[in-house]
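Heads up, the next two complexes both have chain A, just with different partners, chain B and then chain C.
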Partner chain A sequence: MAPGLRETRSRLHGPPRNRPLRAAVLLVGALTAVPLAVLFSAWASPETAVWEHLAATVLPNLLRNTAALVLGVGIGTLILGCGLAWLTARCEFPGRRWLDWGLMLPLALPAYVLAFVVQGLFDTAGPVQRLLSQIPGLERVSFEARGTPWVIAVLTLAFYPYVYLLARAAFLGIGRGTLEAARLLGLGPWGTFLRVVLPTARPAIVAGLALAVMETLADFGAVSVFNYDTFTTAIYKAWFGLFNLPAAAQLASLLLLLVALALAGERRLRGAARFHETARGAPPPRIRLAGWRAILAATAGGAVLAVGFVLPMTQLVGWVAVSAGGGLDDRYWALLGRTLLLGGSAALVTVTGALLIGLARRRLGDRPSRIAADLSALGYALPGSVLAVGVMLSFAGIDNALNTLWRLAGGGSLGPVLSGSIAALLLAYLIRFLAVANGPVDSALERLRPSVVEAARALGARGLDLARRIYLPLLRPGLLTAALLVLVEVMKEMPATLLLRPFGWDTLAVRIFEFTSEGEWQRAALPAVTLVLAGLGPVIWLARRSAGAHESS
Partner chain B sequence: MRSTATLLAAVLVATVLTPIAATAAEVVVYSARNEQLIKPLFDTYTAKTGVGVRFITDKEGPLLARLRAEGANTPADLLITVDAGNLWQAAEVGVLAPLDSPVLEGNIPAHLRDPGGQWFGLSIRARPLVYSTERVKPAELVSYEDLADPKWKGRLCLRTSKKVYNQSLVAMMLARLGEAETARVVQGWVANLATEPFASDNQVMEAIDSGRCDVGIVNTYYFGRLAKERPAMTVAIAWPNQASSGVHVNISGAGVTRHAKHPDEARRLLEWLSSPEAQGLFASLNLEYPANPAVAADPAVAAWGSFKADPANVAEAGRLQAAAVMLMDRAGYR
Partner chain C sequence: MPDTLLKLDDIACRYGELTAVDGLSLRLRRGEIGCLLGPSGCGKTTVLRAIAGFEPICAGTIRLDGRDIATPAGGLPPDRRGVGMVFQDYALFPHLSAAQNVAFGLRHLPRRERRDVARRLLDLVGLDGLVDRYPHELSGGQQQRVAVARAVAPQPPLVLMDEPFSNLDVDLRERLGGDIRRLLKEQGIAALFVTHDQHEAFLIGDRIGVMREGRLLQWDSAFALYHQPADRFVADFIGQGRLISGVLSAPDAIETAFGMIRGNVAYGWPAGRRVALLLRPDDVVPDPAGPVEGEVVGRAFKGAETLYTLRLAPDAEVLCEVPSRLDYPIGARLRVRAEVEHLIVFAD
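What follows is the complex of A and B.
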């Protein structure tokens, strides 16, 4: 082998020379690991009494409910997400262009808002049943909009966009050649979908599914609207009801462990199978749906959009009208500004973190960077308040140490340095939303052909120059997708923002909390609508851009 | 794109590096009582005294965890929370400082403040019964305990036991009746439920209004709000336990923190909040009852009638909260 070639090889696969990259990825790994370690450290004194009590009373029911939700929401988001993504990405029917981006809109709506609106509209005392009772023959129909099926339905509608978004991008990326080859080998449309398209898109679909399931596990807001007990309920019961934060941390760490095992298990099942799109070529022609198929497709998409987005938005706008815009004052602009500023900064920080992790996994490929990468995805499965407290405890610990050192050095009281700072808040966002950014960043990196980077290196590009001239332009679409997803997520985020924001840093989500925590939903409608509208911009732009990019390629 | 990033970075660095300015004439408050219920009072106080008030709001649990973790470094001078259980817990973990204030002791009755002087009630929240005016006669409603009687089978609606208001209610019952009798009552409630417990007091009243059940237990201010929204609602308040222990009441209240940087300013703010001048506003902002007996309740609140309140010290609700939660879990009250 020629010496020059070997050198190139060793840079790509061999012992890493990327000291800065390695240092950076270990820093990200450590930042995410510290708050998680704080949670696990609660096991130092096992709260046996609490565990015994929970096991003897509520735990069996909670586990049943949680399993039902994970299974139901998992299947639901898979069917809705993949089915709708296939329809909008690869088929043609009336309304497809609208649904293509419209089906992403529920992302902008917090799950607990959807839960509250659906519960209010459909429950016994709600307008839907009042209307039904007017219809002859249905006067005696009465049901409660609660229980497992309702919770599954609401969470599915709230979380399917993750699967939809990632599956859609994967379906759009499948080239004409692959599909034609499948046809030539004798597969029909369904056979192609099941045996070629789905396996090829599997990593993307699984990434979306993992997000949906982790959101389900971490959710507290939506399930508590239905008074539906899940594992998260036990965590909060231990903390708020039994005043036992260590027991809550123990429960939460158990949840984390389960998620980590599930993620590792999936990776092992997938094994060494890799699907590379070799020659993209022209996009394959869309499947034209006609007659009842077209109607069915349009109805399915339209119904999901109607219940998942139009209905709750209509209700929110109605409430704003009832409260006559009460509470709209000049502070509103500041709220919106801070919401966007925090979201934007968090997006920047989180996407940078995801990029470092993705690069390290590819370029370094060693155990520490793999562990850092795996750790970084876990924060998404933690209930928000628990993660926030983990971050807060870490920073308070560092502050206390700093103060002690300062006093020993002869200084006075330093006061809080990190806690209550923007840095703490951004760290919490980073840990929570790295999992969201990882997917799009990873698939962007996947598409980056190593030969391009090698060529640039051969021409003398190094370090930041390489990043600026090669990586950033080529990765931009993926990075933007990740950034916008994180932006929308951070704007909706509530528990970490509440606990860790500096004084005066109220956001729209904080305003929503102030009202909903006392049950004043009508007054919460104005900040909620503003939040959704602020999130709509990025979501629509995201959808349009990705559709445009693929149509024109 | 890049210039936006630079701008963001600049703003961030500036914010991160800005020291938390601690001027002498201010009080820093951690509050689990919502902004709309405290800010008007703080604004009035600042206008009157020139002392600024900075505050941050959150749920009680996270706020308390933060106060504990920050220890001596905490910027907080005053902790305001809802529910005596949370105040008791704050005192228990040692984040509050005992206060020797004749003003507060004069303004706030003994059963609405910590015997050790670490916290003081600022408003009273009563949790009476509500009933269907179409299907129940007020005379039938005797007490919380009576709702365990089989005559209410299939007619009772309750909010979830995960809400602290119900935990306090059962904790005070534990203090009064003991373990066995309280367990009997709670089991009776569960047996009488018309449907699974609800997520909110509002849902309880809506269920009564729509005929799903006949009687429930809610805080008065939720009733006040819903009644204003739906004048045609066929739900009314009944005051239970008038011949015995009195209506269950809870408080919202506050205490000066152990490591307060402005303890004197914090004490003065707390004293002012207990004064007749502030008490009317403090309670009426949320349709609650003033803790200071010298101050009359808001006319809208007074219209629900007067009642005998439970005179037991609300600190018991904190001491027995964990026991109450476990008791409700065992009784299958979700």
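What follows is the complex of A and C.
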């Protein structure tokens, strides 16, 4: 029997039993859709006065800065990511094994942490310039570690791993057979690289590039360390500085448009093709580098690893060591506790949402659940600041309606009910990180093949017994991984938390923002180290998974 | 029939517009091994899933052990039917060891006994020493054996097997097929297999059903399917052969290009009726004095024999199996005669 037929069948017989699932998925879909719809509706009724003001004041500068960053970081991550991926995936030189996973480590370092460490190290009062001034002839050299090149450098170092990871997987995925076939068809080594390797890897490289560009557009923490104006900082200033939510909304919708452009660009550059080549048989032999080439390769990789991870970490640990008591006081523990509580709740909500969507897509497979699934994947593309504005506008709208109803019913003023509540923040996390949870939850559901459940039922298991003996043990690892990934993402998240957190709900990232905006690098070091250590977990998971995927095959 | 275990009466299953199973009836006796054979998409898997309780039926009844387990109004849920099932992908529980997989359906037994039963069954299927392995540490054939042991562990009266050997290579199929048949017979468990491979069906089944487009065409022994096929599809599907046309000259004699061929039964048609006669490769024998001559248009070397396709006329071909030491090239002409024991005749 055709397996497709079987699935159709169980779907046809699904609806009566699956009504709660359908309702839950529609709820998740609606929750993700509403803030987006609210933002888009800002385009439907542009507030001319606000726009004129913006155009006359900040807009030209914002657009110029954003364009410079996107271009600079795009080129930077492309060169760094692809070059390093080629070296570690296809070449052999001393230290390659270490660099292979070591070059993923910068992923654990949030861009804003790297930014403030670079500031602390290189700015006028920093150790580097003090050192320079002791060299005869250089006493008068003085510069500010600010401006476009510095921001581009920091963001490139922070975001190149996206390109690196995807390009590396693509390079590793090209099978020996493909390369040998190309050689037999008359292509030389360079011809093979240009006409077979690059075109095959292009979709992956473009996907990585798109991620880097979207992170650049979304970045708030790093650019604010450098006092560099972009849309995210402008949204923050409009909201908190001028209490002008409409202006923030217009800026957010413009940023959303840029993100959409980046996504569309990715689709276009990637072309219709998605190449999923799984290398069969032996991997192609690596290109052995010797002599100065080997030294060059090792130095390049080592330098990126040093500047992108080792040096910043060393400096952070140094700062923690010199600050009194390391800063490990009650306030720190309370902060960590609240961060974990918030991250844990967000993980619970998000993993539940991802599980519902995954189940619905498999069990129902109908239009609404497919749309909900697509929407849930979109959230990760939304910059935190944009999302915060969307959630805030939706909740303010609901609050207004509630207040009106209450007054009509004869009550007094209710005041804000939802806006400013923890629910707003959790919703923002849910939307933003559903896509993060989707991956592991999906692969967990994949293990739960229909035949496995049927086999258990044929052996007499049902109801809770079935859940306890089959569903839970099979899903648990995936759900835990998803929860861990979301927890770490929430811990590192800065702009949405900053804009939406209720009073008293500071997280480590918020504290870092507060310290760094005062220039207190040393006091920001401990929360930063905590975040990096937490972030190492997912990076190790990622490195293991990609190693496993290519060594077991 | 007192010892009927499974009885399907005129069942039908539909997927929306598509009728997957249509008016199918069959009986399986206690301890008997049945096999549903047919090309993919013929509805054979749907029959198994309907018996197991994973597909509803929209007409007819399914009776197991004298009670209705499925009717169009509904049926027992799969977990109460007490029917074992071996899935095409084995569907082993990846988080449980081989022994734990086998013990899964033995909840009613005390723990120690569960373990003993699992060990004994894994012994029986030749997996002693692998009881603590996890599914991913087992080869395809070993996983298959665990799946069978798991299905028979609760001592169900009936085990269903959905293409159980389709993921294994040919050698392994034959060995496992024999092993599983022996195990089922020893335990007195009836089974219903589904396969598209007739050799597999002949190897394992006591009784074989040929299905086509949702219908059961014939439910019979392997011998009967080969020598007394109920219709042209069965004749074509089982074994090899070609139809040649002829005219009935007497109730048991057919005039053909090979001359008069006599059968051992009388046909109900009037004399002069045009019919089609099935000739199997062993029905056609080379003979220098034979009545017809054909041109060799195809040949397949099979070791001891070579199978020739002979063209007698532009629209008439027969197959002929010849000891391989006699070698005829393509294009050679070969005289043959017919030597038929069981006449297989269809109205033309």
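Assume the second predicted complex is superposed on the first by the 291 of 553 C-alpha atoms of A that agree within 3 Å, B and C clash if a C-alpha of one lies under 4 Å from a C-alpha of the other, contacts with A are read in each partner's own complex, and residues count from 1 in each chain.
In this section, contacts are C-beta pairs under 8 Å (C-beta built on N, C-alpha and C of every residue); 3 or more make two chains touch, one makes a residue touch a chain.
All of these numbers come straight from a predicted model, not from anything done at the bench.
Visitor: What is the contact status of A:473 with respect to chain B (first) and chain C (second): first, second, both, or neither?
Guide: The second partner, chain C, only.
Visitor: Does the superposition put A:449 against chain B (first), chain C (second), both, or neither?
Guide: second
Visitor: Touching A:364 in the superposition: chain B (first), chain C (second), both, neither?
Guide: In the superposed model, A:364 contacts neither chain B nor chain C.
Visitor: Tell me the contact category for A:256 with respect to chain B and chain C: first, second, both or neither.
Guide: neither
Visitor: Which partner chains sit in contact with A:304 here, chain B, chain C, both or neither? Use first/second/both/neither.
Guide: After superposing on A, A:304 lies clear of both chain B and chain C.
Visitor: Check whether chain B or chain C contacts more residues of chain A in the superposed model.
Guide: Per-residue touch count on chain A favours B.
Visitor: Check whether A:526 is in contact with chain B, with chain C, with both or with neither, and answer first, second, both or neither.
Guide: After superposing on A, A:526 lies clear of both chain B and chain C.
Visitor: Identify the partner contact of A:87: answer first if only chain B is touched, second if only chain C is, both if each is, neither if none is.
Guide: neither
Visitor: Looking at the overlay, does A:348 come into contact with chain B only (first), chain C only (second), both, or neither?
Guide: first
Visitor: Contact-wise, after the overlay, does A:389 reach chain B, chain C, both or neither (first, second, both, neither)?
Guide: Only chain B; A:389 stays clear of chain C.
Visitor: Could you pull out which chain B residues touch chain A in their complex?
Guide: Where chain B meets chain A, its residues are 4-5, 8-9, 11-12, 15-16, 20, 22, 28, 34-36, 54-63, 65-66, 69-75, 89, 92, 160, 162, 164, 167, 195-203, 206-207, 209-210, 212, 222, 225, 286, 321-322, 325-326, 329-330, 334.
Visitor: Hey, which residues of chain A end up touching chain B in the complex?
Guide: Contact set of chain A toward chain B: 53-54, 56-58, 123-125, 144, 146-147, 224-227, 229, 233, 236-237, 239-245, 341, 344-345, 348, 385, 388-389, 392-393, 396-397, 399-400, 403, 413-416, 419-423, 426, 495, 498-499, 501-504, 506, 510, 513-515, 517-520.
Visitor: Can you check the complex and tell me which residues of chain A touch chain C?
Guide: Touching chain C from chain A are residues 1-2, 5-6, 8-10, 12-13, 447, 449, 451-452, 454-462, 465, 469-470, 473-474.
Visitor: Where on chain C does chain A make contact in their complex?
Guide: Against chain A, chain C makes touches at 15-16, 18, 20, 40-41, 43-46, 49, 52-56, 77-85, 87-89, 91-95, 104-105, 107, 150-151, 154.
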